[in-house]
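Labels for the chains are A, B, C and D, by order of writing; each one numbers its residues from 1.
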């Protein structure tokens, strides 16, 4: 009965996450536009984009690319499903990673140099954000004694009180995953960069639509991870997420795109250092 | 390490123009940059033999849509020189006003594109928003936003009335106020500095030897500005060439941004000194002989050679544009930089391919 | 971070966008937009055809054929400046997009002949004129109006 | 399934991604196209994004004359775009060659190389005219999809 309930929760969560992800993406574009003193697109714009891309004539370069797009979407969906089914955090993390890896593999399977450079940069980004997320998960495990999400909901004080530095590290990882400035290195929303849309260049039509949905799901998953830091009250959770996302938008709009060298030196290093300090602190108070 | 060949252009989102650069890459480092031109060649100079010298004004305006007014002005100066026409003072001042407005909108455009080149979208939007104010002035005073078609042989076509001059001054005040924080961002922001300082360094000697021009040359420490020749009304206005000494993309950005403020100042001076009088002198007969003229375009020195043989059609119109001079320095700057810095360096010379290839 | 003040200011103030198709902006009087022809006033002087830098106006004084390549016009306004009778007027409304390649053709009163052209030229002209009229009849779907916008 | 098709068609009309190719223009039209993206005109309100990648784009904006070298590039870009697609020729040069129509290296308008759906006249056209052009192009896509009937030819344009 317990398992059935969890499965049901996972399915409902996944369906909801898709809509929330698209909505967040629309809100993101609207607020970004307003920050740039523009009117901005309608809130439902990401849905229109995805529907349109779904209806485009197929133009895939090879079968591997199509397969990779499906696998990326499935991995992202599965990780969100597992999150809402309150599964193991480590498992969720690995499933999420599989999605990112397949996206890169698809980009590497074609012959375009833009796609290749984008894929290499995406791998470097993964190299940066994955240790940070893993350290956050370790921190949570150290605090609660278990990798399960249910154990976090059992806490009576928010995680943020004991893990503020880890939250900052998670914020860095979140910015990279969102593909926002200064970390829109492998791909960017508008494609105004030297490698066009980088890792996404060769995905077209339906495949691009799937990757877009996968991206929404990844964003929801990472917001979910952030939400664990204030699991005690719904209002606090919502406020934390709103502040976090607004901070992301703010950083996106006040900074230029930087290079992967800087990302590894100035994002991974301090991120890991912050996380380590927090982990030591957690170890000390135990 | 295997070498990869990355095509940069002819259709590329960072560079709106069809410059094709074949970048030979080793890892993410550029080993060699091979330019391929000719995507935009129209054969405009050949039209000179089929259009009369008055019609050519409108043709040379369309050499480049960004600095159209300055092209037309340089060509008109050449024909006026051949025919011995004295442009009325009011027309001289009006030409200065429009050419400085063009310099401002061109520099703002470039600054925006440059910001977009390193992924600073909100700065791009903010600079282009300011630029629209200049475009509104162009539209209201000359009748079109970009290609204003105000210069004719012997003077200018249209006047700016006194009421609108006050409006221009008001707009310039707003522009200046809006640009101050953006200047601060462009020059002092940590992320922007990371992307521009030390990128694409051109030393003082190199810049001179490779024949760079305009802000690219002035960014390397040479006070070389054609406006100091004092053509049109520039000899009555007070200004100093903007010079920076570092020779990198940051210095060139600074030169251009400071030139925007300089242009605002020049327009103010010109409006204050604007004399009354006729707009154009009548043109009779056909030009004969050959002449060269030089003016300062937003991108550097613009050079016209015109040869006329007494018929209405000029026999030869030869244009040497600043981007043509700036391509050799660009190719010297590119090897050894990261791929991420290529747009920054390519844009830092402010390439105008349509000027170069005509 | 220096951009922060600007973007927060933008967020709190009204957007700068002109909501174009919903709010029509009246362009300045000087704006060189589409032309208005009062073709009855035309005296077939061919000034506009000669001065046009694009060479997009063709006039045949003998048949009264007045033709303009709308697609090639660069809206410089020279024809309006040089027209002695003011039959070409520039308005401040820009020309809307079109979906078919078009050409603007008018028939006006032919100018009475002053000199008799040579035999050869006459036959040449006649041929040209005939083909032009045929083409024009094929292209025309509506009768030309005396006052009309291009 | 019919429902999904309707939704997709709605999406098509609400999110025309554009790719811009400067095909020998003098930059006048290019900067006006870029000006459309900026705060004062902001075409993102119609869901228009300049994607820069022909494989993702629905609408091709071409500015400038076609010459013997770039006609190959233009054809390539057009062929790389997935259906349904539309082409907008911008400016007098893109329409017919404009002031350069009798230059030696000019082939002519864009319609000599690829089929054009909408012509935006002007030298350069105002950003407003370009926005109108995209709106008209969407009408053309609607007609292609069978959602609307072809309008009666406007007498005013055809005289």
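Throughout what follows, a contact is a pair of C-beta atoms (placed from the backbone, for glycine too) under 8 Å apart; a residue touches a chain by one contact, two chains touch by 3 or more.
Since this is a predicted model, take the numbers as computed values, not measurements.
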Item checked: Closest chain to global C-alpha mean, per-chain Cα centroids -> D
Margin query: Tell me which has more C-beta contacts between its two chains, A-D or A-C.
Written below: A-D
Next item on the list: Measure off the straight-line distance from the CA centroid of chain A to the CA centroid of chain D, and report it in whole Å.
Entry: 35
Note to self: Nearest whole angstrom, what separates the Cα centre of chain A from the Cα centre of chain C?
What the structure shows: 55
Next item on the list: Would you mind pulling out the distance in Å between where the CA atoms of chain C average out and where those of chain D do?
Entry: 22
Notebook entry, point to check: Centre to centre, by mean C-alpha position, how many angstrom separate chain A and chain B?
Noted result: 43
Next item on the list: Would you please write down the residue numbers of chain C that are in contact with two or more other chains?
Entry: 1-3, 7, 10, 15-17, 19, 53-54, 74-76
Item checked: Numbers and ranges of chain B residues touching at least 2 other chains -> 12-14, 58-59, 62, 120, 122-123, 125-126, 129, 147, 189
Margin query: For chain A, give me the residues that contact two or more of the other chains.
Written below: 33, 35-40, 190-192, 196, 253-255
Checklist line | chain D-facing residues of chain B, complex | finding: 10-14, 16-18, 38-44, 46-47, 50, 58-59, 62-66, 68, 109, 112-113, 124-126, 128-129, 131-132, 135, 145-147, 352, 354
Next item on the list: Provide the residue numbers of chain B that touch chain C in the complex, in ascending order.
Entry: 51, 54-59, 62, 120, 122-123, 126, 129, 139-144, 147, 149, 157-158, 181-182, 184-185, 188-190
Next item on the list: Using the touch definition up top, name the residues of chain D that touch chain B in the complex.
Entry: 19-35, 38-40, 50-54, 64-65, 67, 69-70, 73, 77, 98-100, 102-106, 123-124, 126
Check: Residues of chain A touching chain D in their complex?
Finding: 29, 33, 36-42, 45, 47-59, 189-192, 196-197, 201-202, 204-205, 208
Note to self: If we count contacts the way the header does, which residues on chain C are in touch with chain A in the complex?
What the structure shows: 1-4, 7-8, 10-11, 13, 15-17, 19
